[in-house]
């Protein structure tokens, strides 16, 4: 049975951790009411409840450098009624530059773009888990998060985001996939041990990847591979995230496909919860337009049957949001998922068709990998040869030969499938969708730019038309 | 041919008006570009354009006491891209207390809840019509608006709201219907004359009535009777407004029914444009919830095929909005009607059924009146005997024996049809809708209170559930 | 409206320039349900008509005036003059939305009290409680004074 | 990357703690399209690696550093030391979102200039214009100075 020792932590982290039994006791104590505080459910409890209720749980991203400021932020956001709160970690900690994070913490914590959990240490982490009656998730972006994970577990945090692909390729330049996959294998194995001890940790997989123009089948394929790796180590609760493209039929289809794909490949021993990450690309700048996108995110999540939705804010385009804007975002996403919009119906045929093709594409991407002798080497080889790929990779370990485009409806398509081993049928459909969209003569760069700034452009068009009395 | 003289104006108003030819010339000059300004279309031009475009024109309510402040307000709101702007008139002017309005204007214009157009005079009115490139409408609530109308025409304002029923019963205590109907007859007759001279004035009928829990068929029946009176006098452009109930299927059905009913009863010589007044009842208090209602108003207007939507603001619950909130409201309503929500489909069967019954109810209300020897006496007798009625009348000249209730879906039904001569079939359907809603044991007062505060209660429930982690 | 002398009576109405009728309907129903006799003058009622009604119904415990449209101060301006003439000699209770604009200040309320308005309520639900307190205070006054 | 001596060359990359790759991809493509040779160091590039790249490509006109995650100041802190050691002796142009938070202040920019950053751009579309101006200024300097 894997435990913290199997994480092979650097001694300076390992030495400061509490004992394993203490970590287990702390998890259990949290779930019971404590002196002056209510019981805090585990994230998986919250997900099960949301699933039963048929309305997505809402969670914001949030993290500031200072500890008292972080406690205050969590308390302020709690007023908006999130089901889960985040501990969003700063970029230095993500890259294991713990010393830089510590130094900034001493000089000017406001210089940090997140909460440096390792620098603060697990004792402060426990203060966070007791500051609010909702459970926490660590959101980061570390290709190798073993140290962060150990501190998070010691703190009593019951959900941990990431995976060997999704927290490597978008988040670092040159960490070999073999390294990140194996680092996450250890994390998953410890989650397996915890689950056996009755402490089910929710593991969220970051299907958002590089966030910008990610074709749904790329997202689903990557989280599926990570999910297989996690389940194999004993993970029992998986949240599979997918980034809102903004074309609602495509998004609803993708969210629904998460369930069918999971049922087909991941087996019955794991709970799988689809999660919508509200639009992760270039965000509109006006409060009205941004607000509408946030609201539509909540709606999309509910119609797609997502168990959770991670909300955005009207300050997204500008920088890390203040507490008030973040609280507004929680409420707007929740309103979008509320009964207020229960009247909305969609074209179900269109969704069904879309879902069919997403599932087929995912199968065509992952099945060659699954038939390789070993999962990790299959993944490594896949990326090396381009049969696995993501657009706009930050890492040199993906080729980024895929070229995504939006079609006329706004749905994300493959303008170039790169090395993905797609069938002729899939390729034909993709080409047809873009052909109909007909924006000829544009250079690839112009096209990419337009599609990346899709909502910004819609926003500008809306504003200009109104200025010119077009309404 | 009726002209200003036929309005039998009090001499102090009549003496100050420009000549008839000058009024006509001014209208014509406005439509052409002038020194340092673009051409200003007539409201009917804007409505035709919106109709062609298939997206509702957006118009805010707006009016402040002072003249420079009013010019500034129009300019500020113009930035948000309305298709029409309002001159919302203060309560004293509505009730022809022109002296009180003038006195307040001298001492403290901010004490006025609207723009006292008569006190300011037509010369300043011409400054308003030239301050912005969008046409203006006078929105008021005067049972007898002849003086206000004369000043508005002299100012070059191309849309004038009101009618003998809708601007009497909700707006005054004891003006006989015979008086208001005949005062509006004069107004309509002058509009007929203007139309013959090529100056088509849009006449908007205030189907909103007392705004709170108005059953659609009551609204449509009243505007239909007013519409008949107007067409008879030569009015060529009618905007028929209907107040959003908030139950979208009912609202869409009502807006669509405006067209069928108009086609059936008003003949082909008049252009009829359905207008949605965004929710006119007790407004929610939080910006998110209020914003959603405003957005849904835009959506409802588009789905119902409204030509125009009059927007609300997130400050509605608190008082007359500031310019910023009002501009936000314009944009939110426009966004709700924009392509961003083109994906929304509704249950069309439900709408069709609803529309069928609204049309039938309207027929049952108006046909006895239409078969009476004379329209106005028919209307007067109808109200006297309760065969015509509105809920919560401000005037003693309607009985308010109708008792409206919301059914479980939120749609407005008749809990008591009062003296309306409804068929057994209509009564059965109304009763059945409320029976299914089943809220037994409540007193009428409690029930009314709950239904009046429908969105406030939804908002409270939403907020509380989120506080208690229900999401 | 000619109820037995034991029943309580109030005069209710909406201020002179104001046509908002819904709260008036509801408050009238509510007080009637609670056993009051309500002389409801309805919307757009000048202050002098409230005074006339009180002359007709001197038994009235209080005069209740709604004002929603923001014009409360202007519409109640005659109060000092009427009071000086010995009229409206009852607690005047004003309720609603008492000034123009979406941001309210404490001075809105003070101005009304300055005119001689006895109580300003924002919510009708406190009305019966207030009437009961006023009656109790009056009873005590009669006993001791 | 060994282009003919006439072609223009720039060094491009993203600051040390920053993984935002999209603008980096796009700017790389854009400059290439415009005829530049782009030595693209990609995301998460320590300042010392920019200096190493310049040593390898002394022909480079400028060093372009993106920073989106708010950590620009911390990530560029070594600039004075490197410059003191005679390295990175080219215009350093920083672009992106240069401080943490949704309200920006002018001091964010000044702090970077204080470190020795030569230009701060918020938008990559001005980049080629700036490079052209820098080249023209340099040519003028060589002629007259």
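Labels for the chains are A, B, C and D, by order of writing; each one numbers its residues from 1.
What we mean here is this: a contact is a pair of C-beta atoms (placed from the backbone, for glycine too) under 8 Å apart; a residue touches a chain by one contact, two chains touch by 3 or more.
No experiment lies behind these values; they were computed from the predicted model shown.
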{"item": "Mean-CA-position distance for chain C and chain A (Å)", "value": "59"}
{"item": "Centre-to-centre distance between chain D and chain A (centres being mean Cα positions), rounded to whole Å", "value": "31"}
{"item": "Rounded Å distance between chain C and chain D, as computed from the means of their C-alpha atoms", "value": "73"}
{"item": "Distance between the centres, which are taken as Cα means, of chain B and chain A, whole angstrom", "value": "47"}
{"item": "Chain contact topology (line, ring, star, complete or other)", "value": "line"}
{"item": "Which pairs of chains touch, using the document's own definition", "value": "A-B, A-D, B-C"}
{"item": "Touching residues (chain side chain B, partner chain A) in the complex", "value": "50, 53, 55, 57-58, 79-83, 133-134, 248-249, 286-289, 291-292, 295-296, 328, 331-332, 334-335, 338, 340, 343-347, 458, 462-463, 465-467, 469-471"}
{"item": "Of chain A, residues touching chain D in the complex", "value": "91-92, 94-95, 97, 100, 104, 110-113, 141, 170-173, 210, 212, 315, 318-322, 325, 392-394, 396, 400, 443-445, 448-449, 452"}
{"item": "Complex contacts: residues of chain D adjacent to chain A", "value": "17-22, 25-26, 29-30, 33, 42-45, 69-71, 73-74, 97, 99-104"}
